[in-house]
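Here come two complexes built around chain A, the first alongside chain B, the second alongside chain C.
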Partner chain A sequence: MTGMFDMDFIDFMDISTLTHVVPPLATTLAALPALPIAGINWHSVLFLLFAGLACGFAIGVVAADNVVRMALYLVFSLGATAGLFFLAGAEFIGAMQLMIYVGGTLVLLVFGVMLTAQAPLVSIKPSSSDRTLTAVAGASLLSLLLTAAFSVGAWRGPGVGVVPAPSATPLGMALVGVRVDEPPAGTPVGGRVGYMLPFEIVSVHLLVVLVGAAYLARAKRRRTPRPIDALASAMPVEPVAAAATAAPTGRSAGGARSALVGGGR
Partner chain B sequence: MVEFLIGLGLPGWVAWSIAALVAAVLLLNVIAGGALVFIWAERKIAARIQDRLGPTRTGGRFGWLQSLADGIKLLAKEDLMPEGADGLLFRLAPYVSFCASFCAFIALPFAFDVVGQRLNVGVFFVVAVLGLEVFGVILAGYASASKWSLFGAMREAAQVVSYEVPLGMCVVVPVMLAGSMDLVTIGEKQAGWMSSWYLFHDPFTFIIFSVYVTCAVASVNRAPFDLAEAESELVAGFHTEYSGLRWSFFFMAEYGSMFLVSGLAAVLFLGGWNGPVPVAQLLGFSDGTGESAAYVVRLMGLANFMGKATLGVLFMMWIRWTLPRLRIDQVMTTCLKYCTPIAAVMFAGAMFWQLFLPGGLFPGWGRPAGEIREGWLEGPGGLPAAASPAEDRSSTLTGGEPVERAGLATRSPR
Partner chain C sequence: MMGLVLAPAMVASLATCLATVPLFAVNPFTEPVGVVHYLFVGAVLFTAGIACMTLKRNALGILMGIELVLNGANINFVAFASPYLRAEGAPTLGLDGQVVALFVILLAAAEAAVALAITLNFYNNHATVDVDRADDLKG
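Then we have the complex of A and B:
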């Protein structure tokens, strides 16, 4: 949390005229460290705040009945997680979390839910047996995760203190195959190569997905033409010519209409 | 500023809180005050374009106080909510929109050192947060329990999700040229005469800037892309059911986003806080001139940036009141058939240009000879200190120099 507001030019003001006004205020506020509040580690407070928000809204997702409200709580929960990343100095991951989870996926999710949801899905009221089953499954998963997390020795006890926040540069370099960060001692030479192969594999995979989506979503041609199409294709030139002349006029008429109505707010 | 406060004898956490509060209030005022001015300007510009006079009486000859009068009217309006609405979401939606617009301002630099929080992924952060604004619109559309609102929200969602793709591609080009995602670094690399702006770096960036403008207008949902509130078809789109102050939050978010994308354009393509002429350099300011010079130089940079961003907003108003609204299929065609391929080709072009002619169109010309730039004074606390240790560690690759400095050196030998 360095450089919260780098407007250093306030330093340039002549503060000598201020000093005989300021000391009463300063002494009052300087007495504040005597209060217990001054001893608090504010990093921990912010961490607990964001973590609490993330967990609380995660519970909200489960407890809510309405699908769109669930999505909203999920947004807040994931946003608080992004806040945790920013707090840890991992700005790239935080922005990524905002971009991919909060921005992309959830908008699409809400989009899809609102387009497809039928009445029973909009308001979900699970039966008590469902609740029990999911509670057992969720609790067992949570206990497994907690045990695993607490079994890592390095994660217990006090933190390692302030570490310099890495920039996104080594990350980008590693993705194109050059590791500029220092790997742990004893890493073989093969461990120094970056992540170009996984990066390329994922890229190609996404490209294939895109092509597939475009293929699935394309305008489908009918295998057997409808009678009216067969009639139209069997007819000589006039209808085609008529259609060809009709299309531009229709478009210009639409343009003129929107020009007429486009003015006022 | 924090050091100044601590110097007064305040404990650290009070100093940090006050500094954060001052920053937040300043940024909030940029949005709220900007909205007041821009709404008045929009009324006058719209009126002149339509051969009218616009507001003339409120507060003097030019109707200066019209926005204030509007604000009082909005405050006094009844806060209505439709009967079938989802109360929580309905109340929350304007704030979600406004918060998204406001948060993005945190990473936007107004001059070299005048930035809420300097992030090393500033561009990415701004684009990511800007995309969240649509969520408030979707919520508003859904929660209003009105068909007009829902249609508007659906259109907006489809539009924003589509236009994020070409917008991202346009934004990547200056990042590639500067070799950094830090907005401060990108702006600082364009110091000097106008020719060193990335707009004039090569023909590809010149074209991709126009694509960026198109996508920016579409992503902030302004005419001719204002399908979400197409008043001739959807009454008022997603904010049909809103009134009073809640409605005005949507408006503030819209004007805030306009200023934001204009400011982003200014930093990415138009040199940021660097004026067309390096005035500070010509006036002979240098490191020895002292701290008051640095103060003046920062103020000049701030004026430059604000001027460019305001011009961008005025340009958006101009095209709004000039061009007719597009149909939804035309909007999608513009995005997917024109903007995206053009952006992709220009991206590749700019990449090869950078590979073979890294100096840009005007290599070595117009770069400041001294170390003084508009809005930036390189000193002991300047850029070298801001470079993080991780970048320093990467210096083994580039022969001893940190990556970013080395990139600058290869591009334009001073």
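Then we have the complex of A and C:
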């Protein structure tokens, strides 16, 4: 193979450029095994990647004015947060983050954006004085939080790197009231309980909330009244009809109140 | 304007606060990650969420800020629960932190559903999502 490079096609190349190019390349190749590839902590590298994505897109959510872009940045930020959860050894929480947040809540938010995305509402710009005030308040809040976080010595040390056991099974057992996980050091004996009651409360809470959300978000009022409604409002025999005829005379808030009253029945 | 004077001072104080911390004095690619790295990310997400809630005039933007705040809290819970990130001799939350993080995710989903329903109701009645227009109850 070295004979090929000794052949005469090098001779008709410009020797001056070759001497400029080849020695830095050779030194780079010679220095390449000396790079601390083996010393790189890939957990830290992935952490920096996901942390940068999460923080950057979170700031992008604040900085963007377009609500569609805000939703997109929020998707990326929450997805990177799920990556951080995986890196911390909470694989079930990370999966739940992806499925509930990125797959559920964000779909809900994007549907909300699409349902309300009239042209003047897509980007409602705050005033520049509000931006300045928010930047000042945010910087002071961030400095306060970081000072508090870095002031505790027990949190500042590097992690010992104990690879945790898979936590999905202990998590599921704890949710039905049985603790099978290893107690952390310093736990009082008999001081650990399961999470059966909070689990039930949360499940009933979710059911009530979804029923309530479906009740709140259902279509109550049409922009153009149906012919049967116009017919009903033309016959002034019912008190409801009187309210319906009084509603269009006020501004839209008056119609909103009558619609809410009508919806409450 | 006072805010324009204060902003560089705040940034300078933040920079000094970060400079006193020996976080970046070591090579971040070879140093193992600790709890405080996660606390940093959680603080940034929390602050971004608070700023989003105070700054945005779109009701959906305020909802996104709430999601960011809850996620910042969740990062802290997971970090304190992790045996991988725990420093030598430091206490840890164990599995309880993960359970609380799971409950936070569920409650955030419930909160998003109700808040979005209220926002759609407001939009149906007022034909806008600008929260500055929601002044019907103003005395």
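The working rule: the second predicted complex is superposed on the first by the 165 of 265 C-alpha atoms of A that agree within 3 Å, B and C clash if a C-alpha of one lies under 4 Å from a C-alpha of the other, contacts with A are read in each partner's own complex, and residues count from 1 in each chain.
We take it that a contact is a pair of C-beta atoms (placed from the backbone, for glycine too) under 8 Å apart; a residue touches a chain by one contact, two chains touch by 3 or more.
Note that the coordinates shown come from a computational prediction; the quantities given were computed from them, not determined experimentally.
Report for A:P170: first if it touches chain B alone, second if chain C alone, otherwise both or neither.
A:P170 contacts both chain B and chain C.
Residues of chain A touched by chain B versus by chain C: which partner has the larger set?
C
Between chain B and chain C, whom does A:D130 touch in the aligned arrangement: first, second, both, or neither?
second
By the touch definition at the top of the document, which applies to A:L49: first (chain B), second (chain C), both, or neither?
In the superposition, A:L49 contacts neither chain B nor chain C.
Under the stated touch criterion, which partner chain does A:R69 make contact with: chain B (first), chain C (second), both, or neither?
A:R69 sits against chain B, while chain C stays out of touch.
Contacts for A:F92 in the overlay, against chain B (first) and chain C (second): which applies, first, second, both or neither?
It touches chain B and chain C both.
Can you give me the overlap between the chain B contact set and the chain C contact set on chain A?
40, 92, 96, 104, 108, 111, 115, 164, 167, 170, 181-182, 255, 259
Provide the residue numbers of chain A that touch chain B in the complex, in ascending order.
Touch list, chain A to chain B: 1, 3-12, 15, 22-23, 25-27, 29-30, 32-33, 37-38, 40, 42, 66, 68-69, 72, 75, 91-92, 94-96, 98-99, 102-104, 106-108, 110-111, 114-115, 164-170, 173, 178, 180-182, 254-255, 258-259, 261-265.
Can you name the residues of chain A that touch chain C in the complex?
Touch residues, chain A against chain C: 36, 39-41, 43-45, 47-48, 51, 54-55, 58-59, 61-62, 67, 70-71, 74, 77-78, 81, 84-85, 87-90, 92-93, 96-97, 100-101, 104-105, 108-109, 111-113, 115-116, 118, 121, 124, 126, 129-143, 145-147, 149-150, 154-164, 167, 170-171, 174-175, 179, 181-187, 195, 198, 202, 205-206, 209-210, 212-217, 219-221, 252-253, 255-256, 259-260.
Tell me, which parts of chain C touch chain A in their complex?
Where chain C meets chain A, its residues are 1, 3-4, 6-7, 10-11, 13-14, 17-18, 21, 23, 28-41, 43-52, 54-58, 60-61, 63-65, 67-68, 71, 74-75, 78-79, 81-95, 98-99, 101-103, 105-114, 116-121, 123-130, 136.
Taking the complex as given, what residues does chain B use to touch chain A?
Those in contact with chain A are residues 1-4, 8-11, 13-14, 16, 19-20, 22-23, 50, 86, 88-89, 92, 113-121, 124-125, 127-129, 131-132, 134-135, 138-139, 142-143, 150, 154, 157-158, 160-161, 164, 180-182, 223-224, 231-232, 291-292, 294-295, 298, 321, 323-327, 381, 388-391, 393-394, 396-397, 403.
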